[in-house]
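Below you'll find the structures, each written out as structure tokens.
There are two complexes below, and they share chain A, which is joined by chain B in the first and by chain C in the second.
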Partner chain A sequence: ENADPRRTAFLLHKQWTLYSVTPLYRFSNTRLRDYARLLSAFIAAEKQKGLAVEIGVELDIKVAVSSLPDLKGSDQDQAAILVQLSLRSPASSKNSEEKLIWLGWFCCVSGDDLSENVPEDFTCLPLFLANGAESYTSIVGSWFQKTFDCCFRRLAISPLNLSWMAAMWTGCKVDKTTSAMELVFSVPCLPQPLDISYAIHPEDAKALWDTVQKTPGEITQEEVDVFMDCLYSHFHRHFKIHLSATKLVKVSTAIASAHCDGIIKFLQSQYLTGVLMLLTELAISQIQ
Partner chain B sequence: MQRRQSSKTPKQPLQVHHKNQTDLSAWRKGGRIHLEKSVQNDQSPNDQKNDSKQDSLEQALSYFEKVQDRVSLKKNDVLQKHLNTVESIALQRGLPPEGFDVLLNVALSGKLADTVNTRLLKSLVPASVIPENSVVSSVSWLCVSKCSSNIQLLFLRWLITVFDFIDHKEQLHALYGFFFSFLQDEKMCPYVCHLLYLLTRKESVKPFRIRRLLDLQAKMGMQSHLQALLSLYKLFCPELVTITLPGKMKTYFKNSEGPWKAAINTVRRRNQENSPVSQLLFLGTAQPQSRKRKWNTQLIIPASSTNQNNLEEDREKNHVDLYSTNESFPVEQLQTFSQLLQNIHHLEFPSQMGSVLTNPLLLHYMNCIKDESIYLRLYYWMGQTLQEECTWCVADNNRYEEEFKDFLETVYKTECFLQEGFSSCEEFLYRSLPLWDGFCCRSQILRLVSWIPLSSFSEMKSHLYDPLAQLFFTSSLYFKCSVLESLKELLQNWLNWHVIHLDSESDSQVYSLNTTLSGLVNVVAELIHFVGWISTAALRLENNPTFLLYFILDFYETVCDMYLRYNLPLLIMPPAGVFYPALLSMDSVSLNQLCYIMYRYRTNLVAAKQNELSKKKILQFKFSSQTYQEYNQYIIAMVGCLWTSSAFQKDIHPQGLRMDDELLKKTTVQEFKTSFNIVYHPAMMGYAVLFLQQAWPDDMTFNFNLIKGKKWNWYLEYLYAQGLKGLKVFIESSINRVSQASHSKA
Partner chain C sequence: HLATSLPLPSERDHLRPRIDLIAFMIDIKSKYSLKNVEASLAHVDASFFLGKVCFLVTGVGRVNYCSVEMNAIWKLGEVYCSPVLFCELELEGIRVATAQRLLRMLQICAGHVPGVSALSFGSLMRNSADD
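Moving on, here comes the complex of A and B:
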């Protein structure tokens, strides 16, 4: 939790699509500028298929590749890598404002399980988060796959992991609690999709969790199950619906919100690395 | 003639195939003597005809060498005659190397009319090679532009077509800049691009040239010839330029083969030379995407392409590291095995390791280079692809079963090629087998099972055997046989691995892959016991079909020979549930197979016993007495059945045939004792009938009792002649000695 909140503030309140990435082969932190040049030419070449592009010239889309040293869990973690695509406005040539069109970042927070086991030539940044049009994600992802022989895969979050997030984030302290905790359930096997939204006052949820959790700082699967069961039985008492028969698809709290399709929004910079640690763990389990 | 040959093309005839009598230059070099010698051959009339042709060609060449001013074709019979000579000889046999200098000079100098020049150029068909000098001098003619643009174009097209026939290309490479300058001519541009494409080397790619090409591109728009040349530039210098080729492109250069290709082929066939194969285009285009799916959820094996990441690094450390200067050979250019051998020291793996799956040359290379990162890159890519594309593990994937099948097939072929299994594939099988329906991609999955690597992985039972057994018992007979087949392959692959590693390293590091010999023996034993178990159950479930029995016995054909053939100190007898159904089978094939297997068991056990006795020091592994005991029990039962007609009395196996006489009498079968010997055995009776018919053609009573004494031996010979080789080796090895052997061992 040593991140400077100001330097990572831009990561908050955005919707990120999650991917797992296998270790990058021969990636070097010292060559980020080169990568930006090559990537921007690659994007230009992809956008105008068949026309060659000189590398190093100014192109419509500017690419910046930089390092985010704040996002780390342990010393073994690689510094996170940020890729920014921005559009140069053609109107005024210099000093003109560049419009940010796409953002993506690779990170590894406490990913020792993976990084301890790969040889030197590989860089472990197993979690990739993208914000912006999927067409750009596809081009940038393809370039990384081609250049560093890695594999991107969408990272879905299972209902089990979502319930963990619900429990963990309920227990976190937030300065001022504004928003309600919301759980969204989807009812399976219906001709029309039906979602059930279950909103709980954060203080009520916290009170419930405090009665469930035995040792502070430690969470067990059993506790998570008990917590969710309590919420389910409360719901059943009022609406006569067994939520345990439905599928948990989304969890929103003051800390973050997560969707089972692998979409996440961070809301509190103080818990950013904590959430990333969990996501890193999920990404690693998908690639191993 | 002689003078010009010696002065202008001194190195020339070295390249020529001397044995070829139709070759003009061969004749020249050897002179008349050579020709006279060849007259003795039976082709002499032909040679004399050739002789006169060669004379007239010489005259024609010397005419064209001396021709001065513009001579009109119509009015000049001499020119007409010589032109006809050149054309007819060129089309029939091709022109000798010396001819090109003269003819190119005259055709490009503009001395003659364009119709003549065209005809001359069109007849420039090489018999063997084209001297580089003649090409260089014609380029200088091109630069002074004495000839018309049509002739220039025709010359360029000719040069492209015959490029591979030019004997050296160093000086031609030096002219790269000249050719490059011709790009500005709009008409010539496509052909110049093609020529540059053939000439380009890494050192030809310069930033100013790239900029020139990009300017042309800006002026002319998307042109396939420019795309091709720029793609090649990208290949050599990915740090300077990049281009993405549209997927639908098929040809990059217009057909520039012109009128020569057919003639060259004819000449080549006639002269039966191995002329150089023309260079193939090696531009990778994006694979056509057969379906629209989200990004990165398409099963595409990447194309081999140079790792631009590495190239750039090379550039940076050029001054320090001499070996990795701009020498590295682009994988896209790797087309032949000889290229692989020539460039193996500066070849780099493609940027995406997955592409090796479809590139046998790179697989060869992979076999030579033992580098952990290669396997790790492949491991990650393959693991992710298998998981993502698995049609029964991922919802909505079942539409793409064919593609997944093809992919699994490719992976399997690669494993066969490398003779080793991939661990990503192993993990995929463990992960997906419990969910498998046993139907989807069946043959592919079962084949992949046969390449599960050998390791002392303790969870083989829960990961492989349990899910496989579930499917095995609930699926068809055909599926059962397929499973047995693939488990046999698996066993053989493990045994081969063991033998190879035993051979390659004899020290203690043999089993460095956390596999000790005893671990290995345990893993192999576990597999054999598993197969014994499912085989017993399957025989009962399916009611002993011969088809199934064949696959089971096939497995034991490998098992019974493990000690001698694979040097593994392990022998496991088949369970009684397999042995007795085979012994009492209705089919002679199964019985014969069983006989062969028992013979091999005997050979292996005898060898093991001898080894044990001869070696003073205590062996680390020896077969348990239980194995010998089991063997002896089986052999007693077998001999009792087939030979001594005493199986019901002597069989001592707890699950054997031993029965009380009282009980047997109740069956009311007469002569029950002999009912399983080689005459009466249900699998053998057909042979006995045929034998009786042949031995006593008049006797229609089928008196089997006649087969005894001398006739018994004849009958045996008859059986052996019918192809029952297993029975033969079994009887010859076990029968006469069985009484002694069983006394001494049991």
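Moving on, here comes the complex of A and C:
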């Protein structure tokens, strides 16, 4: 809540692919510049091996590793670590513009469950978010895995967890009237894939959630079930389709949007930490 | 005999053999299947719940497709005093093993296994699940 929204604004409105990361061995907050240099050398070496992304033009990739102290839940949390890959055009001088080509950051928001149970030399940063070409994510991931003996895994979000997000985010207060709440369902067992998109006016959704939620600030599984069942029965009344027999694959609200393949977009800086807390929890349960 | 929901159509009542075991299938990927089972349970005579009912939860291989909360299923097993079995139909080995288990349970429920009644077997299964 104390995060300066301007400093984290660059994290909004971007599509982030989520990973869970096991604790990093002998990672130090004070050696970030060393890590940047080592990672840069690694990327150059990978390029030599022919695993480069682009062909032809000599690419000079600059690596920056920094800390984002604002993204924390509790004091026990490790400060988030940001890795930036930028492209420096070869024909220009040192002070020329650098184009940001890839962003990745590790974070831990209220990850006490994990950090409390981990031996001393380990740093807990269970959530990793990447934006940019998959090939760079793979190279950066390999370097971290080799250097800190950790393991990256794509974080999938189950329909159950997506419905929690739908309910939680609907309840959040937003300043101005924003986009509709959208739920996307994938219909199973069909010869051709079929997706159903269900859009709900945000005020209607909030009004429904307000009648369901008993204690402000607390959400129970039962309340989430009732909320979703109401939406499903409303849909069934109109279209005679049982959405409960399909798979919820995407939830979009004014706060954020999440896809079951582990893709997230943050839309409100006010709720950034809140969403990260939920994602940290999912990452931790995938690790354990 | 396979049915998508209960009650069974009454027209064929007189042709139907005695029912020894009812296995309710819940697909963990479909909330609808849970609701369907809950609605169908209301049509089952109370005597069946003395060891002649079990819940078969399918689709458990893929945690990321989970649309049904596990607690709801455990609660169902508790409320109806019936065992909960898990399987993954897409894997042949597990499918075959589960079928064999159900067949064994059916033999007991039909009274073909001397010395073991449906009720005693049912409570044995529930007690071992608690452990």
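Going forward, the second predicted complex is superposed on the first by the 278 of 288 C-alpha atoms of A that agree within 3 Å, B and C clash if a C-alpha of one lies under 4 Å from a C-alpha of the other, contacts with A are read in each partner's own complex, and residues count from 1 in each chain.
By our rule, a contact is a pair of C-beta atoms (placed from the backbone, for glycine too) under 8 Å apart; a residue touches a chain by one contact, two chains touch by 3 or more.
Fair warning: this is a prediction, and the values are worked out from it, not measured in the lab.
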Original post:
If you stack the two complexes on chain A, which partner ends up touching A:172: first (chain B), second (chain C), both, or neither?
Top reply: neither
Original post:
So, does A:80 touch the first partner chain B, the second partner chain C, both, or neither?
Top reply: neither
**OP:** State whether A:41 touches chain B only (first), chain C only (second), both chains, or neither.
**Re:** first
Original post:
Once the shared chain is lined up, is A:242 touching chain B (first), chain C (second), both, or neither of them?
Top reply: second
**OP:** Kindly classify A:23 by the partners it touches after superposition: chain B alone (first), chain C alone (second), both, or neither?
**Re:** first
**OP:** Have a look at where A:264 lands relative to chain B and chain C in the superposition and call it first, second, both or neither.
**Re:** neither
Subject >> Where chain A meets both chain C and chain B, residue numbers >> reply: none
Original post:
Once bound in the complex, which stretches of chain B touch chain A?
Top reply: 210-211, 213-214, 217, 222, 226-227, 230-231, 233-234, 238-246, 249, 294-297, 302, 305, 307-310, 312-313, 351-353, 372-373, 376-377, 380-381, 383-385, 387-388
Original post:
Okay, in this complex, where on chain C does chain A touch?
Top reply: 29-33, 35, 63-69, 71
**OP:** Enumerate the contact residues on chain A facing chain B in the complex.
**Re:** 22-23, 25-26, 31, 34, 38, 41-42, 44-46, 49-56, 118-119, 121-122, 134, 137-138, 141-142, 145-154, 287
Subject >> Complex interface listing, chain A residues touching chain C >> reply: 156-160, 188, 221, 225, 228, 232, 242, 244-248, 260
